[in-house]
Structures are given as structure tokens and as C-alpha cells.
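Following are the structures in question.
Each of the next two complexes has subunit A plus one more chain, namely subunit B in the first and subunit C in the second.
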Partner chain A sequence: MSEKHINLTLYVWRQKNAQDEGGFVTYEAKHVSTEMSFLEMLDVVNEGLIRKGEEPIAMDHDCREGICGQCGVVINGRPHGPRERTTTCQLHMRSFEDGDTITIEPFRATAFPVIKDLIVDRGAFDRIIAAGGFISAPTGSAPDGNAIPVKKTCADLAMDAAACIGCGACVAACPNASAMLFVSAKISQLALLPQGQPERYSRVKDMVAQMDDEEFGTCTNHGECEAACPKAVSLENIARMNRDFIWSSLTYRPESGGSGGA
Partner chain B sequence: MELKANAPDGPLEKKWEKHKFDMKLVNPANKRKYKVIVVGSGLAGGAAAASMAELGYQVECFCYQDSPRRAHSIAAQGGINGAKNYHNDGDSVLRLFYDTIKGGDFRAREANVYRLAEVSNNIIDQCVAQGVPFAREYGGLLDNRSFGGALVSRTFYARGQTGQQLLLGAYQALERQIGLGTIKMHTRSEMLEVIIIDGVAKGIVVRDMVTGQVQSYMGDAVVLATGGYGNVMYLATYAKGCNASAIWRAYKKGAAFANPCYTQIHPTCIPVTGDHQSKLTLMSESLRNDGRIWVPKKKEDCKKPVDQIPEEDRDYYLERKYPTYGNLAPRDVSSRAAKQVCDEGRGVGETGLGVYLDFEAATKRLGAHKIEEKYGNLFEMYDRITGEDPYKVPMRIYPATHYTMGGLWVDYNLMSTVPGLFVLGEANFSDHGANRLGASALMQGLADGYFVAPYTVGNYLAGLKPGSCPTADHPEAKAAEAEVSGRVSRLLGINGKETPTYFHRELGKILWEYCGMARNDAGLKKALQLLPELRQRFWEDVKVPGSGADLNQSLELAGRVADFLELGELMCRDALERRESCGGHFREEWQSPEGEAVRDDENFCHVAAWEYTGDNSAPNRHTEELKFENVHLATRSYK
Partner chain C sequence: MPVAEQYLDSAGKGGFMVSSVGKKVVMAITGVALFGFVTVHMLGNMQAYMGREPMNHYAEFLHTMIHGAGIWVFRAVMLVAVVLHGWAALSLTLDNWKARPKGYRAQQLQAATWSSRTMRYTGVILGCFIVYHLLHLTTGQAHPDFKPGDAYGNFVTGFQQIGASAFYIVAQLCLGLHMWHGVWSLTQTFGWAHPRYNKLRRTFASVITAVVVGGNISFPIAVLVGIIR
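Then we have the complex of A and B:
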């Protein structure tokens, strides 16, 4: 692709810490190569700020290849920006025109408090996984890998759901700040596999309870999450989670504590 | 300093089994009285933390990211090797062992590599049980693909996201233990010092990256699983945050650093576009299963559109030079071949630093649909980054730093030269010799984490009195904290003119030029003159705005760059002293007339482990002789 250079005006959310009120600050980004990634454009702005002795814009990022899920900002109102199925780090400046104004904000949700500038705390996602987003298979206890055949279509659907990178764009995009796309992706992945069956219904119950405790909203079928998801995780997963949740609620029985042996 | 490998006696295939029997066990009721510190939450650290917590130990785990799920193991694309022989194509533990030893150019320890091959099958089983959605065939059984350096199909994969899925498996096991209260997880926490009491590792000093608080955490054993140091080159396929500070602190506290010059330059990465470039992105080696690598035969064709270069004017140089392995030649060999054709002026793309990876033939043979099914996400990633559609025009690729085979020296138990300090995964040096084969990094990380460290750390703990761990008010802990705080204030106080990134980029340029794909005596000596100068400039002229009592990304980076500057020197020193070519270490003085690496087994069949002696004195080079009792030291040929 041929390289061009463009000039941009950035409105960037700056917030010193969780207690600070925060607000937008304007920066000019001059002579930006269209071959740059969005984060590289911000790197250059930050280099300029450091040289002036100002604090650079704090932002989360790590792998810069669209898989770790650590990056993510709202660009002109859209989590991860204008390009479909693309994380912030994979967005390149060829998606913008000379003279554009770009508004850059953190992901916003009650459950994702701002730590600094564009960085938010997504620890709630980890706590939801800790509540049940796993198969209990302690190291060393596994049978041979081919002992449990998995239908190819199930494995493929499980993989589609497992592609979630836990970035939180679904929450930021949702008018209710619901985490149901994230939660349902993990529930679906494990419910679609034979290995996930023993804990299937306790898992959905426990994860949903934690999700509610974290003050995420509920789903009212806007579909904004799916549109914002950089990995195209499907709304179908939410339907699957709801079915399992209802079944789990209808059939719930407290576990009977088995009696000890000799 | 004595380098005792502690590999058990007896026949190769019985060593691990015998060792497992000989190791001491901890009484189950006492396990909760021991605390294990695990730094890093990738495949090695995450797996080790989860497995040891399952056994009953108290575990505290630390990572610099906002969640343990972000560790850079997540970015591995292609797959993980396992010697299952599910395809009946002649694979076995012995063959995986042999391929790995040979792939490493006979510079790894036999006993460790055999154990790796042996537990590879357990890893696959473990991951399947966790719900890792590996690719399946229509009959429901596990599918495999081929990878470089092997003639059997032994690589298990989950689309182009194998690392992600394996890491999430380990992460979920880790989170399960966090939920059960057996692991205390510390995110956004950077280890900046190791605490040594009476010569034994007893804890770490950590800076909370949100509040800036510097605090000691004590443990009966410390496990470092902090990954490789490839970001020393600035441009690399590593995550931006990957750094060497944890292992560098350990080195400066007495842990020997082995083979720092063994770096892997991966042949298939997206080429650099300009000075703004902040990292390089890998295109999985699995693409070489179906993609053909070529450049034009004639220099004048290099700028022409591909469809104007007829078949007879294309040089499929890997197929020409290495007919047996062809496009699946190992990484070091393929990278050097790409460099050679570009040095001849036959590279493609704007910069001339690129070669084609072409799917035209495979698309004709298999159909576009099959190609999309196998590599769809990789093609999409390429399109996003370059703005070019690889279904229509061939990909352009070029080698980039991808992995470091060197790392802290460890014995068979994965313990460093500091008692109580264990090193796992890419952070250690142990299994890949001078070159790592594809799909072996995931295997090693998980082998160390799930199946080796839980035994060997347990054996170490069994020799300690339960509950004897010192507390954080120990004078050594306080002294280590003071060192960390002192370094933070020093960086903040320089107030020079250049940014930490500027120095990092300069460092990368020097290392890529003189300690990259090809090295020579004069170049390495030049680098050893330039690097101390750059280091001095850094400490006089770096600018770190903000405070230490706050989230400060410039400060984090400056600290990492300071350590990289020192490590870069050690790499060059090691490369200079290793007067032979082997694997990823190619010394121009030691090559065959055809340009292949020439080893010197007589003088260099050893591990070089460096001992720190002070900031202003040269480190000591120690050696561990490598004895090959089960394989014949052969010239590595992929022709």
C-alpha cells in the first residue's frame, strides 16, 4: 500500500487517577503516516509530550497483534474504532482521512473503573472466570487426548466462542454495560464440549451470580456487543447461556454432602 | 561457580521416572505451610502456579499485565508438538527428542530434552481435559499439522490461536485456584528485585504499577517464569511489555546467565514500514505448510507486480537449496536464506527487505475455501496490518527476533545457581539448544509448569523446615526494597532530553546490526564499544516525567531499557566468545562454502554461563560440557 501522511486533531480523555474528575484535552497529531497503527500514532504523540516534560497519555496495550485483549479505547464513539472485527492495536491510520478529528476515551462502565487516562480496571472479568469459567481438571488427572472424541462441528463452535480475548469492548458498546457476550462465550465453549458437561449447570449459575455482583447490566438484545467484538463472538452464545441458565434454575438442587468413608 | 547439571544416571528413557521416585515428597498436611512465589502467568508460570496450588502449596503469583490472561504465550499461533503418533507416520518420544536435539544444533542437554519429549503427550491430554478446543477431524479425533524441522505430523493446533487457547486453559486452572483461595494473584505488579538471604532465594521486591508502592513478598521458593528477552532488539514479535528485568535482577544477584547470544530470528514476519514501527508481527510458520517462498531471479524484477514475473523467473530458493525440507526448513536456516537473497539485492517491497510467501499453488490445489479454513485469521491479520489482500497478492515477509533460547542457567530440576530460585519456560536456557523448532515453545512452557516444577520444587521444599520462611521485615528484604526505590528515584531525577523509547530504539539498531542474523568479530567488538557509550548517555540524558507514586508508563519502560542496555552487552560478549556457528548464532567466520553454519564441537560443545562480578568488571564465563551419549553429533543437514 502506498504511504500517505495526514494531520489529525485528537480529543483525548485525561484523568489523573480514579478520584480525579477527568476531561478532554486537545492534541494535534501532524504528519501521521497511514502505515502506522493507531497505537503507534499515539506513541508518537506521547514521545512529543515526554520531550516537553509532560506526562504521556496512559493507555493499556501489550501484544499489539490483536490477541492479548489488553488494549482497547473508544474511538469516535466506537470501542476499538471504525473497522469491524479489529482491535485498537490492529487499527491502522489508513482508516482515517487528512483533517479528521478523533475522540479517544476509555471503555466506560460502572464495573470498569478508570485507573488513569485511557486505562480501566477489568478485574471483574477475572473474578467471573474464577467463579466458574473452567473445567476442574487438576494436573495429571487427564485421560488420553483421543479417549473423548469431539464432534467436529462442536469443536468448531466451541473454538468460535473461545476466540474471545476478554477485552471488554462488548461491555463498553452495550447501553446497559452488560457483560453477557463475554460470559456467554466461556459458558458456550465449555458447554459445547463433552469435557464440560459435569459442571455445565453449576458453571452457568455461578458465573451469572458473579456477573450480577460485579454490577454489569443485563442484556436487552441491542446487539451492540456483537458489532463491537473484535473476534466476532456471536449473540447466539447469549441465547445458549440463557437456555442453560433457565435449565439450571429449574433443576437446581443443593449438593448433598456425601458421607465420609472409613 | 559450579555448574552441576544434576541429571540422573541410568538409561535416557528411565531418567525422569527414576528421578521422580528418588525425589522427596512433602507430607500433604505440611504443604500449606510452604509458600511459593511465581513470577509470570504465561504457560509456564500459570501452569506452575495452578498445579502447585492444586497440590496444596500456598502460591502467590505476579504479572505486569492487568490480567494473567494477557501473558504473551497468548500470541503463539501455530501449535504445540506432542509425540502421540496419532497419524501412524513414525513418530515417537525418541524421534521428538532427536528432532529437538538436532534442531537445537546439538547444544542442549540430552536428559532435559528427552524429558520434554516424554511429557509432551501428557500435556496434550491435560489441555484436552481442560476444554482446549483443538482442531478435530470428522471422526472426532485430534487433528495434526506439520511444522518446520520435522518430517512427521505432530503439531496439535487450535486454528491460528493455539497459544491463546492453551494459555486460557492454564489461566482458567489458575483462576479456579484463585477462586478457591489457594493462589493470591497480583496483577499490574512488576518484580524488580530478588531477595537473597544467606545465599538462598527467599522472596521478591515488587512495584505496584498503579500506586507505585514498593513491597517485599517472601516465600520458601521463588519461581521465575518471566519469558524471553527478545525485546532487547527493540523491534521483535514480543508484546511491548515483555522485558528481562526479572531475570536480569536475578543474574545480578548471582544466577548464572546461559548462552545469551542464542536468539531466534523467525523467518516469517511482516516487514518493517518505517521509523514509527513499534513492533513486528509474526505470520505463523504453519503457513509454510502450503505457502511457497520465493524472490525474483533477476534484480530488475523486484519492483514489478507479481503477475508480471513469469514462473521461470522466480527463485523458490528454499526448495532449490533444501529439497528434502523445502519451505519447511528450520527457522534459523530459512531466516539466513532470506537475508542472503535480500543482501544480493533480490528482496521485494518498498525497502527491499522482504521475500514473497505465495499461496497461489496451494489455492489451486486445495481451493480458496480450504486455505481460508486453515489460515483465515492469519490472512485477515496480514490484511489489517499491510492493507494488502493475501488471497490476491503474495504476502511479503522478512525475519524478525522472535524467541531467545538463552536464559538463566538451570539444572535438571530447573533450579538456577541460586538455591531456591527456579526458572521456567523461555526465561531459562534449558531445552532448545542454539535453535528452537516450531511448536516447541508452548510444549516447553507447559512441560515445565505442569509436569516438572511441581515435582522438583516440591523436592526442594521437602528439605526445608515448614513455616521457616523469613518475614518481610528481614534486613535483606529492606535492603532490596531500598535498592528498588533508589533506582526509581535515580531514573526520575535525571531529567534529560531523550525519551526511554529513543534509547531502546538505538540499542535495538546496534544489536540488530552487530548481533543479529549474522555476527563477526569486528562487528561484535564495535558493538561492545558502542553499547557502554549508549548506556552512559542513557543515565545522563533520559527523561522520565511524572512521579514514582503513581501509574507511570515512562518510568516502567525506562527501568526495563536500563536493564536491556546491560543485557545487550552480555549478548555481544557471549557471541564474541563463541567462536563457531550454531543454530541461531551465525558467525560469518565459521561457515561452509555454501554459506551453512559450521560448528566447532571440539571447542564449543558446551553451555556458556556468565557470572556477574560487578557493574564495572567483566563477567566470568563458566562452561557446562554437553555430553551426547544417545545421539551422534552430526552436521545438521536439511538438504
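Then we have the complex of A and C:
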């Protein structure tokens, strides 16, 4: 595809800090190469702002390869923009036409407070992981390969769930700001593997409890999360989480107090 | 204390009924009761096409089964289901509104349907409809010439009024929107997702919705055009 140059009008959310009310500011982006990524386009706009002595637009980004989950803004009403299975950094300006106006907003959720401009605090995700999104295993030298047999279909499903990069687009896209796609992916990637079994039913209980504490909304099965997910994490994971949660509730017994067993 | 344990301790591990997933399960279980009921209710009412005698006989059977206790047990179950369904809906909706106080400038939805977007509103309309429906054809306060014991007669004279029939038809369309998303949604809440059955879940929701709503809408229309009189 040959390089073209386009002119754009940007409506960008600017907010000095968490306390500031914030608002949209209009910028003209002139002579934008269609071979730039969306973040590179913002870099160029920011260079212009810096030259004029203005504060550049703050945005999250890191690997710019679509795998770290740092970038993510709502572009024209869609997290990560118009392309399916694409993070903001992998979205290129060839997806836009000359003369387009682009609205750029931060992810909106009570659990994701805006820190500055387009940057939100996704620490809630870390706290959900800390509540149970891990396995407790004695570490030492690497175990022998294939010492624990894993069914191919389970390995594949676990990998599909593990593709989640924790970007938060599911929360941003959900009309209820629910985090259930993220949480269910993190539950599923362990629930589908033998190593995840010992803590399977306490994990789902703890992670769902933390998710509720973080004031995410709840799933009403619209399917917006799946549509927005840059890694195409499936709604089936939410069903698996629900199933495990029900089983966990039906079979729950409090751990014995005191020193407990070995 | 390791960070993970701190969070485990601080996590508000309330019971099933305060958990978001728990409330969704309450929603789904009561949803099964409610959609099961509307299906049986529609089938029972099909007897209107068989005439006065079979329908009134059926109504009498419902009132006298298990020495008259059956209907009260059934009513109690339905009341509990409706109250829990409404409570879960209200509670989850308030949580969801709180989770996104500030919306987007122009969100572009990709997957949500009209049906899924309007669940709250169709639910409220159905709640109002149930109250009206009970006052209309069960207790008779909202019925101009209600005759206790004559289910068939009340059915016919009730639907001969165009206003009442129109409201019934609108309510049934709301029921269709509500059921189509609700029946599929409850399978998701119970965790019945599997590639082998995913298409079946959608088909089941569509067919059961079409049958129930189609059957129910046929009653006022049949009365208005004179097929049932």
C-alpha cells in the first residue's frame, strides 16, 4: 500500500490530574502519513505541542508490538479503535480517511480512575490477580517436560485465555464497565490446566470477590467485551467462570482455623 | 505479610447473594421459573380455541388441584421468583450505573442487540403488565364485566376492548425482547457454553420466544377478529 498523507481533526480528552474535571480539546493533525501507527500520530501531535510550549497529551504505551497491554484509548467510541483484534499501537492511520474527525477518550470506569489525559489507573486488575490469579507451587529446578500430561484441547483453550494482555478494553467496551472477561480469562487459563486445580475453586471465589470490591459492573451478556478484545478472548471464559463460581459456592467449606494441616 | 495474603484478607468475601455472579445466578434461576411459567401459561390458554367448556374446566382444575392448595403453592413460588428477579435486577443495575458514572462522547456498540440493551425497560414494563394482568383477569378490578368462575367469558369480554388488547400486544412484544436475550443469557450465567451447543442455545431462545409470544398475541387478535367469541 503506497504511503499517503491525510489531515485529521482530533477531539482529545485533556485532564490535568485525577481531581481536574477535564474536557475535550480540538487539535489539527496535518500531513499525517498513513503508515504511522495511531500512537506515532499522537507522538507527532505531541512534538508540535512541545514546540509550541504546551503540555503534550499523556498516554500509556510500552512495547508498541500489541502484546504488553499498556496502550489503549477509546477511539471514536471503540476501545482500540475501528479494527478488530488490534491494539491501539497496532492500529495504523491507513484505517482513517483524509478529513476524518477522531474522538480520543480514556477508558471510562469507576474502577479505572483517570490519572491524566488518556491515562487511567488499572491497578484494580493487579489487585484481582493478587487475590488469586496464580498457583502456589514449590519452585525449584524446572520440572521435566511432559511430566504432567495436558490434553491438547485444554492446552489450546488455556492458551487462548492466556492471550489476554490485561489492557482493559473489555471494561471500556462493556456498557456496564464489567471486568468479567478479564477476570474469567485469568481464571480460565489456570482452571484448564492440571497445575491450576488445587486452588481452582478458592481462586474463583477470591477473584470474583475482589472484582466486586473494585466496583466493576456486572455482565449482562451483551458481548461487547469479546468484540473489543484485541486478543479475541471468548465469552466462553465468562461461562466457565460462572460455572466454577456456582460449583465453588455449592461445595464451599471454610478452611479450618489455627495452624491447620500440612 | 505478602501482598497476595493482604488482598485475600481484605477481600470482602460476602455470601453468594451479595456477589455479582451470585446475583446473576439468582436472576437466571428465577428467569427459568418465569419463562417456564409463561410457556405453560400460553399452552394452557390455547384451550380458549377449544371453547368455553374445556377452558373453564381447566381453570377449575387449577383452582382445585391438591384440594385447592396447589394454586397457592404455585402463587407463592411465582411471587418469590418475581420479587427475587426484580431485586437482583435492581441491585445489579445500580452496581452497573455506579461502575460507569461518566460515559463516552459517542460509544459505538458492536455486539449488543436491541433486546439486550432494553432488558431493564422491558422488565419494568412487564412488571407493570403483570400487575394489570392480575387485576384484569384474575381478580377482576380492572375488568369492566368480570364474572368470577367464568375464565373463558372474562377472556373474551376482556379482549373485546381494543385498549386492553393493545396493551396486551405491546406487553407481549416486550416479553419477546426480554425473553430472547434472557433465555440465552441465563444459559451463559449457568455456564452452559460449549461450541457444540452454542448455536443450539441461540436457536432455543429464538424458538421458545417466537412460540410463546406468537401464541400469546394470537389470543387478543383472535377475540378481536371474532375467531374466539
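Keep in mind that, in the parts below, the second predicted complex is superposed on the first by the 251 of 262 C-alpha atoms of A that agree within 3 Å, B and C clash if a C-alpha of one lies under 4 Å from a C-alpha of the other, contacts with A are read in each partner's own complex, and residues count from 1 in each chain.
To be clear about the criterion, a contact is a pair of C-beta atoms (placed from the backbone, for glycine too) under 8 Å apart; a residue touches a chain by one contact, two chains touch by 3 or more.
All figures in this text were calculated on a predicted structure; none of them were measured in a lab.
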Q. Should A:A131 be classified as contacting the first partner (subunit B), the second (subunit C), both, or neither?
A. both
Q: Pick one for A:D144: touches subunit B only (first), subunit C only (second), both, or neither.
A: first
**Q.** Residue contacts on subunit A - larger count, subunit B or subunit C
**A.** B
Q.
A:E3 in the overlay: touching subunit B, subunit C, both, or neither? Say first, second, both or neither.
A. first
Q: For A:N176, select first, second, both or neither according to whether it touches subunit B, subunit C, the two together, or no partner.
A: second
Q. Touch check for A:A58: first (subunit B), second (subunit C), both, or neither?
A. first
Q. Should A:M241 be classified as contacting the first partner (subunit B), the second (subunit C), both, or neither?
A. second
Q.
Just checking: does A:G23 make contact with subunit B only, subunit C only, both, or neither of them? Give me first, second, both or neither.
A. neither
Q) Between subunit B (first) and subunit C (second), which does A:R94 come into contact with in this model arrangement: first, second, both, or neither? A) first
Q.
Contact-wise, after the overlay, does A:M211 reach subunit B, subunit C, both or neither (first, second, both, neither)?
A. second
Q) For subunit A, what residues appear in both contact lists, the one with subunit B and the one with subunit C? A) 130-132, 134
Q | Parts of subunit A lying in touch with subunit C, wherever the complex brings them together | A | 11, 24, 74, 76-78, 103, 105, 108-111, 127, 130-132, 134, 173, 175-178, 205-206, 208-213, 215-224, 226-228, 235-236, 238-246, 249
Q.
Going by the contact rule set out above, which residues of subunit A touch subunit B in the complex?
A. 1, 3, 16-17, 33, 35-37, 39-41, 43-44, 47, 49-51, 53-56, 58, 60-70, 83, 85-86, 90-92, 94, 115-116, 119, 121-123, 125-126, 129-146, 148-152, 155-156, 158-159, 162-163, 165-166, 189-190, 193, 195-196
Q.
Using the touch definition from the top, list the residues of subunit C that touch subunit A in their complex.
A. 3-4, 7-8, 10-14, 16, 18-25, 92, 95-96, 98-113, 116-117, 119, 181, 184-185, 188-195
(Q) Can you tell me which positions in subunit B touch subunit A when the two form their complex? (A) 47, 50-51, 54, 65-72, 74-75, 82, 84, 86, 121-122, 124-131, 133-142, 156, 158-159, 161, 163-165, 168, 171-173, 175-176, 178-179, 185, 187, 210, 237, 239-241, 273-274, 276-279, 281-282, 350, 380-381, 384-388, 450-451, 454, 497-499, 501-502, 543-546, 550-554
